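Questions regarding the structure given below will be posed in turn.
By letter and in written order, the chains are A, B, C and D; residue numbering begins at 1 in each of them.
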Amino acid sequence: MSEPETRTDGKTPALEMGALALLVVVFLIVSLVRLQPFSPTADTASAIGIIVAAGLTFVMYSFLYRDNPLFKIAENLYVGVTLGYGAIMTWRLSLMPEVYDPFFNSPTWGAFWNSALHRTVPIILGVLLVTRLSRKYGWLSRYSYALMIGWGSGLAIPLTVHSYILQQLSSAIAPFHETVAHAAAVPIFSQAWFFELVLPALGAVVVMIGTVAVLFYFFFSVEHKRVGGAISRLGIFFLMVCFGASFGYTVMGRMSLLIGRVQFLLYEWLKIPK
Amino acid sequence: MNIPTHPACGMTLARCLACCGVLLAGGASVSAASAAVPDPNSFQVIDLPSDDGSAVLVLWARPDNEVQGVRYAVEIARSATDFESGGFKTEVVTSSAEALASAKPEYFGRSSQNDRRYFAEISPVELFPPPKWPKLTPERLNELAKAKVITQSELTWALSAAENTLAEDKLSAGEKTDRKWLEDFQGYMEIQDRLNELARTRVITDAELARARSVPWNTRPDAELSAAEKAKRKWFESFVGYIKTEDRKARDAQTAAINRATYYFRLAVLDGATKTYVERDGRPMVVSGSARANLFKWGKLNNLIFSLIFGAVVLAFIEVARRRPGLFIRKIAGLDAVDEAIGRSTEMDCPVFFVHGGGSDVGDTATIASISILSQVARRTAEHDSRVHVTNIDPIVTAVSQEVVQQAYTLAGRPDAYNPDDVALVATDQFSYVAAVSGAMVREQPGAIFFMGYFNAESLLLAETGASTGAIQVAGTDQYIQLPFFITTCDYTLIGEELYAASAYLSRDPRLLGSLRGQDVGKAFLMITIFGVSVAMTAAVVVGWDFTWLMDLFIAR
Amino acid sequence: MVYKRLIPLLLVFVIGLLGFVQEFVPHPLSGQFREEMTMWFRVIGGFALFIGAYSLLHMHVARIRRRMAGWGYSVFVFLGAAVMIAVGLHNGGLGPLAAEPQDRMTWFKWGYENIQVPCSATIFSILAFFMASAAFRTFRARNVGAALLLGAAVIVMFGRVPVSEAVGGWLFGVGHSGVFPRAADAIMEYPNLAAQRGIMLGVSLGVISQAVRILFGIERSYLGGSDE
Amino acid sequence: MTRSPADLLRLRRTRHVIYLLVAAVVVLPYLFQLSMPFKPSSWAEKLYHRVDSLKSGSHVLLSFDYDPASSAELNPMAQALLRHCFAKGLVPIVMTHWVTGVSQVEKLLRDTAEEVQKQTGKPVESGKDYVFLGFKPGTSNLVLNMGENLKAAFDKDFYKQPTESMPALTGVQSLKNIDMAVDLAAGTPGVEMWIVYGSDRFHFPLGAGTTAVQAPQLYPFIKSNQLVGLLGGLRGAADYEQLLKKPADATRGMLAQSWTHTLLVILIIGANLRLLAGLFRRKRTRDA
C-alpha cells in the first residue's frame, strides 16, 4: 500500500513526472472500473467520495517516498478543509446555540432577558479575546484569558491533588500491608505462601523502589553523584523499561490504524469480498 | 414436635430466658421487648455532614441484648401531629453490619463506638416528593373532545392509551403510538393549563399568552402544514423548551425547600408482629431535625491541607530564590546541546525549527514551560544571527510566541531581524498540523529542531520526519506515552518534569528556580511517605495494631 | 499599567480562588456557580475561532503576496476553507440557522467524510511505518539503558499478539503457551507502573506549583511576554 | 549526531525497504484468510463481566471520545459494547466530547441499532432503547454539570428531542443515577478526565477502552481501582468480540497484527545481530 503512487518532486527528472502521471491514470482507470460511479444504478456522490478518499490516501502515503506536487496540493487542501470544518462546527455547536439563539431565537421576552442577563458579559469577553489580533488593543484580551486561566488553575490544584497525588499515594502504599494481611493465614513455604505472599510482596517492592528511584531522578537540587547517582541511574533504568514497554504496547495500536486504511482500500475502493 | 416460643420476642423460651431473663408470664411482653429497645437518650437526628443539604441521619444505639436479625422502623412525619393522623412514612432498617455507623467512616469517622450504633440516611424529598401534574383522566379527555380541542378519533386513541396500563415492552406497535400520542398531548395540555399561571407570575407576557393559546393541538406531520402553521409549531416547541427549563429551576427550588423543612421522627423495634416504640415518659419518643446545606466537605480536608502547605512551600522558596539568586540546579543533559544545535544550523545556514505540541493550550503547564524555553532559543538564534521558525496549532499560543520571539530579538539588539511570519499558525487540527509541519521540515531542511510542550500522536510523525532531514533534534514533553518516541528519534529528550526544569535551567529565573526547589521538597515528602507509611502499615498489620487512621490520611474522597 | 496588568492579575487571583474554594464546598450554590462559569467559557471559547482563522489565512496571504517558494499551493488552503464553509452554510438547502439534516447526505458531510477523515486516518496510520523504521534504527543494545529499552519493547510487542502464544507453546511446551503474554503483563504491571507513577507524581507537583505561580501573578507568560 | 548526506541517503533506502516490508505484511493476511486462537486478557474479561452483570434496563453511559483518525481501533470496541448492551437490554446513553467524532459515532450507533433490529426483530429506537446525546463543548465542566443534573446539561438529545420526559432516561436525573459508564477515548479529553471529574466525584463504576498507546497510561488507575476494566487497542476489541462470541473486524485484524509484530521483532533482532557482528569484526581487526 505504501508503495508510493506518485514519484516526483519539482526538481526531479521528467522520468518521475511521467511515472507520476502514469500512476494517476492507472488509479483513475481502476477506480472507474471497480466503482462504476456513472452507471445509472450507482450512487454517484458516494462513489466519487470513495475515489477521492482513496486518491488522497495514496497521495498522503506518497510522502513516505518523497515530497511531491500532489502531496503539496493535498496538504494545503487538507489544512483548508479542516479550517472550514472547524469554523462551521464552532458555529453550529458553540456560537449558534450559545450566542445567536438565546438572543435572536428566544421564544419569550422572559427568555430574552434571561439570556441578556447571563450571557452579555461572556459575549463581551469573547469579543475581547479577538482583540488579540491587534497590536494596539491586544492587551484587552488579557481579561478573557485571566478569567479562563485563573479558573483553570484554581480548579487544577485540588483536582490534581485528588486524582494524581492522594489516589496514587494511597495505591502506592496499600499493596504491602494488604498482601500481608491477606496472606497472614497461609502456611509458610507452601505454594500458596509463595504465590500469595512472596510474589505480590516482591512486585510491590519493585514498584516502590522504582517509584522512589524515578522520583529521585527528577530531583534537581542535588548533584547526582555517588549514592544519589546510583539511585538516579536506577531511576533511568526504570524509565527505560517503561518507555520500551509503552513503545512495544503502542506498535499494536499504530498497526491497527494501518490495517484500518488497508481495509478501506480493499473493501471499499477495490470492493474485494469480505 | 413444636417448641414453645415466647409470645413477644418469638424465640424459643429457653433462649428468651437466656437473653432477657423475662418472667415466664406471657403478658409481660412489653417489658420483654423493652429490654431489647435502644436507649432513648441515644435516639437522635443529625444533618448529614458534608452534603448539599439533601439528607439527614437518624442515629440510635444498638441495645446490648439485641435480638438476632431484629428490624427497626424509623417513622418520619412532617409534623408531630401527623403521627396520630397516620400521615407519616416508614423506613425499615434490618440490623446488619451495613446498618452500623462503622460502615460509613466518611460520616462518622473511625470510633470504636461506631459498631454499637445504627444509622439511617433519610432523604426527605424521596419520602415527600413534590406534587406531580395530574394525569389526563378519561373525563377530562371527553371534555376536551366536546370542546373540539381534540378530534373524536384522537379521543379514542387517548382513551385506549389512558386505560392501558401494560408495561412498555408488552405493548403492540399501535398501542405504543397511542401512548406516545397521549404523552405528547399531556405535555401540550400541561403547558396550556399552566399558561394563565405563567402569565400571572409574569414568566410570560399577555401577548405571548395569547400567542401560545392560539397554537392548536395538531398531530399532522410538518410536511402537511402551511408555512404559518410550521412557524407556529416551531415557536411553540422552543416555547415549551423554555417553560420546561423554568419548571426545572422551580422544581429544584421546591426540592431544596422540602429538604430544608424540619421533620419529626419516631423509632420502633419490629419484633415479629409487635412494634415497640422507643419511649420517653410513657409515650413514643419524638425527635426532630432538618437537613442543612453544608459549607465544607470534611472528606477533602487532607486535600486542602496538602494544597495549602505545598503552595506555601513553593511560594516560600520563590521568595528565598529572589533574595539569594543562583540557587543550585543539577545539570540537565541535552540543554547544553541547545547552543551546539543552534550554532551548527547557523554554520550550515539552515533555519532552526521550534515546534509546539499539537495539544498546546495557553493554560497548559507544558506549553507555558515551552514558551519560556522558546524565548531562550529565540534569544540565542538572534545572537547567532540565524532564523527561527515557530510552528503553532493554537492561535493564542501563536500570538504569545510572536510576542516572546519579538522580545527576544529586541533583547539581542536585532529587532529588525524579527519577521512575524516566521511564527505562524500552520494548521488548526492535529493531523493537518502534522502534514503542514512535515512538509515544511522536508522543504526547508532545518539544522536543528526543537519539539517542546504538549504532544499527542504527532510526536513520532514529526520527530521521525525531522530525523530523516538529518537535523539535530531536542525534544521535551510531560506526556509520558509520547516520551518513548522522542527518546528513540531525537538526540536529546527532556523527560516529564525536566521540561519544566529546563526553562528554569536556561533562564536562571529565580522565580522558576525557587518553585523548582519547592517541588523537590514535595517529591522528598512523597518519597518519605511512600516508604515510611508502607513500612509502618505493614508492621502494624504484623503486630496487629489498628493503623487505619494512618491510611485515612491519604484516602482521596 | 493598572488596566493592562494589575486588574488582569487580580482577576486571575479572585476567579482562581473561587475555582479552588468551590471544589471544597458541597453547598448547591457552588454547583450553580460552576454551571454558570462553564456556560461563560463555552461562549468565550467560540470566539477563538476568529483568531485561528485569521492567523492561518494571514500567513498564506503573505506567502501569496510575497510570491514565496511554493506560494501557488497556498491557494488550495483558501479553496478548501472557502468551499467547506460555503457548503456548511448552505447546509443542504436549510441554511446556516437550521440544524444539520440527519436523514440525508449534505456536501458538508461529504467533504468531511471523504477529504478530512481519510487524510487524518492516513497520516495517523503512517505511524505504523515510522515505528518500524524508528525501531530498526534505534533499538540497538549499545548500553544497559538501551538494552533494557529494547528488551522491554520486544517482549511487550511480541507478548501482545496471539502468535506469541503459538510460539510460546512451541518453545516451552503447550502448558506454558502464556509465557510471552505473562512476561509482557508483568513488565507493564511492575516496572512500567513504577516509572509512570514516578513521572505522574513529579509532573503533578509541577502542575500544582505552576497553578500557584499563576494565581499569585508570578507566572505571567500567558499574558504575552512584552507589556505594552 | 551530525549525519553526512551519504548516511542520509542510505537511511532513506533502508526506510523504503522497511516501509515495503510493513505494507506487504499488513496486506497479505487479507488475501489469505487464516485464523488464530487467543485468550482474552484479564482486564477485558473484567470489563465484559461487569457489563454482563447489569440487570436489563440499567443505564450505561458510553462516552465515545475519539475521532475518525482512531476509529480503526475504537469503532470495533464501540460496536462490541453496543451489541452487548442491546443484547442484554441495557439502555446505552451515548455521547462524545470530540466535535470531530459526532457524525461517525451517530452513524455507528444507527448502524448497530439497525443491525440488532434486523437480527432480533425487536425495534431498537432512539429515546426508548438508547439515547444519543451528541456533542457539547465544555469537557470537564460538562461532566461536572452532568453530575449535577444530566437533563439540564443536555436538555435536548442529538435529534433535538427534549430529554426531560424521555422514556430511556426515566430514573436518570444525574450521573449519580447511572449504573455504569464506559469511556472509549483516543486522547484528551478522555479517560483521565472522566475519572477525575466523573467517577471519582459521582461514584459510578467506570470502564475504559483506549487506543493501545493510551492504555499503559491507565495502568495506575486500574491498580487503584479507579477503573473496573480496560480494553487496550485492537487486541482489546478482539478480546471483547471473543467474549461476546461475535468475532468481527477486530478479530480479523489480529492476524495482520501478529505478522507485523513478528516482523518488527525480527527487524530489531537482525539490527542487533548486525551491531554484534560489527563489534566482533572491530575487535578482530584490533587484535590483528
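In this text, a residue touches a chain if its C-beta (ideal position, glycine included) is under 8 Å from a C-beta of that chain, and two chains touch if they have at least 3 such contacts.
What you see is a predicted model; the values in this text were computed from it and never measured.
**Q** If you tally contacting C-beta pairs, which comes out ahead, A-C or B-D? Let me know.
**A** A-C
**Q** Please name the chain that ends up farthest from chain A once chain centres are defined by their CA atoms averaged.
**A** Of all the other chains, the one whose centre lies farthest from chain A is B.
**Q** Could you state the distance in Å from the CA-based centre of chain B to that of chain C?
**A** Roughly 22 Å separates the two chain centres.
**Q** Per the centroid of Cα atoms for each chain, what is the distance between chain A and chain C, given in Å?
**A** Distance between chain centres: 4 Å.
**Q** For chain C, which residues are shared contacts with two or more other chains?
**A** 20, 23-24, 31, 37, 41-42, 45, 48, 51-56, 70, 99, 112-113, 116-117, 119-121, 123-129, 131, 133, 135, 137, 139, 149-150, 153-154, 157-158, 160-161, 188-189, 192-193, 196-197, 199-203, 205, 207-208, 210, 212, 222, 224
**Q** At least two other chains touched by the same residue of chain A: list those residues.
**A** 2, 60, 63-64, 72, 74-75, 78-79, 81-83, 85-86, 94, 132-133, 138, 145, 148-149, 152-153, 157-159, 161-163, 165, 167-170, 172, 208, 211-212, 215, 218, 239, 242-247, 249-252, 254-255, 257-258, 260-261
**Q** Do you know which chain B residues sit against two or more other chains?
**A** Counting only residues that touch two or more other chains, chain B contributes 241, 300, 303-304, 307, 311, 362-363, 395-396, 399, 426-432, 435, 443, 457, 480-481, 484-485, 487-488, 495-497, 519, 523, 526, 556.
**Q** What topology does the chain touch graph have (line, ring, star, complete, other)?
**A** complete
**Q** Which positions of chain D touch chain A when the two form their complex?
**A** 15-16, 19-20, 22-23, 26-27, 30, 69-73, 99-100, 135-137, 192, 195-197, 200, 211-213, 215-217, 220, 223-226, 232-235, 249, 253, 256-257, 260-261, 264
**Q** In their complex, what parts of chain B are in touch with chain D?
**A** 168, 173, 183, 187, 240-241, 244-245, 248, 252, 344, 359, 429-431, 456-457, 468-470, 472, 480-481, 491, 556
**Q** Chain D touches which residues of chain A in the complex?
**A** For chain A paired with chain D, touching residues are 1-3, 64-65, 85-86, 89, 93-94, 159, 162-163, 167-168, 170-171, 242, 245-246, 249-263, 266.
**Q** So in the complex, the part of chain A that touches chain B is made up of which residues?
**A** Listed in rising order, the residues are 60, 63, 67, 71-72, 74-75, 78-79, 81-83, 86, 105-111, 132-133, 138, 145, 148-149, 152-153, 157-158, 161-163, 165-167, 169-170, 172-174, 176-177, 180-181, 184, 204, 208, 211-212, 215-216, 218-224, 239, 242-244, 246-247, 250.
**Q** Which positions of chain B touch chain C when the two form their complex?
**A** Going by the criterion above, the answer is residues 50-53, 256, 293-297, 300, 303-304, 307, 310-311, 314-315, 318, 362-363, 365, 368, 371-372, 375, 394-396, 398-400, 403-404, 406-407, 421, 424-432, 434-435, 443, 457, 460-461, 464-465, 467, 478, 480, 484-485, 487-489, 495-497, 500, 511, 515, 518-519, 522-523, 526.
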